[in-house]
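My questions will all concern the structure given below.
Residue numbering begins at 1 within each chain, and the chains themselves are lettered A, B and C in the order written.
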Amino acid sequence: MARPIVTLTTDFGTRDNYVAAMKAVMLKTNPELNIIDITNEIRRHDIMEACFIIANTYHYFPNWTIHVVVVDPTVGSNRRAIVASINSHHFIAPDNGVLSGLFQDPEDIAVYEIDAEHYYLRPLSSTFHGRDIFAPVAAWLAKGVEIENFGEKIDDYVDLQLPVPELVEEGKLQAEIIHVDSFGNLITNVTRAQFEQMLDESENHAFELAAEGLLINDLKRIYAECDKDAPAALFGSTSQLEIAARQRSASEILGFEKGAKLTIKFS
Amino acid sequence: MARPIVTLTTDFGTRDNYVAAMKAVMLKTNPELNIIDITNEIRRHDIMEACFIIANTYHYFPNWTIHVVVVDPTVGSNRRAIVASINSHHFIAPDNGVLSGLFQDPEDIAVYEIDAEHYYLRPLSSTFHGRDIFAPVAAWLAKGVEIENFGEKIDDYVDLQLPVPELVEEGKLQAEIIHVDSFGNLITNVTRAQFEQMLDESENHAFELAAEGLLINDLKRIYAECDKDAPAALFGSTSQLEIAARQRSASEILGFEKGAKLTIKFS
Amino acid sequence: MARPIVTLTTDFGTRDNYVAAMKAVMLKTNPELNIIDITNEIRRHDIMEACFIIANTYHYFPNWTIHVVVVDPTVGSNRRAIVASINSHHFIAPDNGVLSGLFQDPEDIAVYEIDAEHYYLRPLSSTFHGRDIFAPVAAWLAKGVEIENFGEKIDDYVDLQLPVPELVEEGKLQAEIIHVDSFGNLITNVTRAQFEQMLDESENHAFELAAEGLLINDLKRIYAECDKDAPAALFGSTSQLEIAARQRSASEILGFEKGAKLTIKFS
């Protein structure tokens, strides 16, 4: 039988022993685990970045993979810990909104507060629940402990509002850069489906994407078609509209960061 | 049966193929290994940092995990290679003091010089014993080769003096920052046990922690209780006294590096 | 039976989910895989660096390891995807020359264009073939699908000219720095065999290595014998001539980058 997979998404970095301590605790309880790093380089304390990463990654894994997501600036406070079953995957995280990207179809969501302390590592620290709570819960869940055993089902989990494109006038969207990847590609919150529908419905099937110092009115298909100096638009691997330059960082060229606004006018 | 675990703690970084070559050599000898990186980003040539990391991490792994620690600035010289059994774990390292943090209870320590050359990779390089000696020895040890087979038992292994807090006068400790983590938290060499005992024994159960530009006289419990701009003190996940700021780097705010001194006066 | 090993060599970095998405897709098809990162920090779009890394690493792994190499600046264009059997290992890569270092002995090389689309992930993106083509092909190959099933055998794969030392006059080589490792060691394209043969054949068995601001006429054996400030020459772990300084970056001291030229005169 295949070994159970546990993934890690954290802001712990890879210089310290924090990630290794979590893996160690998991393997001590369940030596059969196959632990895969999604990334441990979420920008420090950036809950929304972790949100983006896990929502765009989990579904490529086999069903019932256990995803541990730890970006936890209020660790040790009264924020709750949760374990959830969503779309045939398991998630373990602080209840601070880091899973917000996943709470779309209420029918497929069951969220439990973690409070069964006998599964915790002892002594329990107040500063590192990744090691002391999330890791052992993941290992026991992978061993077959039923999700109900970790605590009570809750409905009032934190569900943050993710930025969606706004229809500011007929045929005109205000959109936003929601992720800058490490190539410097600027990923917007406009999906291919939404873009194509608005383009279809427009009179001339034309569009104009505008932001400070940027004006784009055609789509490229691949990065190699983009210009080296003038960033262009295309649909990237997340099927979201992306602004990119050929073999260069569009973020550096334009000086755009996450949160930068842009408008798309279809005409 | 669970696969044998080998951990890696090195200063090789992750850009080159050095870590991968070690993993390759191990898997060629023993394809069943589960190789876990503790970190490969020890500060270059910093034996004391590797010392801190391995001593604070190994015990979270299952017993008899094999820990390979390679920070080895004098590789190829007459420094010895060692394999050790300590507190029911195995360690493989250059004999340069990198395991010093583990040599506390002589009853649980057995150290062997590695000189059984038939276990080495051929040809043996003079610059990369991680790949040519430590990796194959780890793989053979995990396969069941007895530790005595790698060489003679020795007692004169290098055991460096680690910095411990000094009682400079009645009720006053001089302590030291022994690790700066990648969040910028400043970890001191004062343990919770020592701190609490001195606080208990003091007249008013009060303390004053002082360093250049820093004066602290209370303890926080969690990071979220710390101020963003004025670093505070708390016990971190190693159970050692730590100086930290909320969601910021205390190291940057204070300009403190590893080795910075501080005093704690109990009154 | 040991789990099949797949290695990854990419320029995707570790901050994003690109590497994790590839691993996820592979594990979904074949949960038994043991996926090992060679490195995901190839300099962005640097085909020659990936070439150097994979050629110097693959042979340490067990035979028939599957090596996935993705540095792919023209992804989505008409560049082909290939799967190859070379020297009893498997390789999967874009056909852009990234495997050039391996194409030395035509007898041991069989290269196939990948075009069996039923193995691809659906929907197929035009920007991320690592996830959509290379990962699933690796997983199916590891599951026992015959290499011929992925497409037609080809002979016109891209084979880039790698820089080799040039005999500019009798007894005088012009060589080149072909890799700068993360320690700052400068690795040249002169092999130990070539160097030793020319030294043997020279009259006085002496040599003079010269480059801008650098003059070396002896060989060190290990890094610890090098000077801290004046870089020296030695044979490193690849058996190639290397310029290094003791516990410092020779690249920084000399200001040399990849591509820097040097001459070696034997006399």
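We adopt the following convention: contacts are C-beta pairs under 8 Å (C-beta built on N, C-alpha and C of every residue); 3 or more make two chains touch, one makes a residue touch a chain.
Bear in mind that the values here come from a model prediction, so they are computed numbers and not experimental data.
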item	value
Degree value of the rotation bringing chain A onto chain C, based on Cα positions, nearest 5	120
Copies chain B and chain C touch via same or different residues, half shared test	different
Length of the line joining the C-alpha centres of chain B and chain C, rounded to whole Å	32
Interface hub residues of chain B, defined as touching at least two other chains	14
Contacting residues of chain A [partner chain B, same complex]	12-18, 20-21, 23-25, 27-28, 31-32, 35, 44-45, 73-77, 125-128, 131-132
List of chain C residues in touch with chain B within their complex	2-3, 5, 7, 14, 34, 36-41, 53, 56-57, 60-62, 65, 181-183, 221-224, 234-237, 239, 246-247
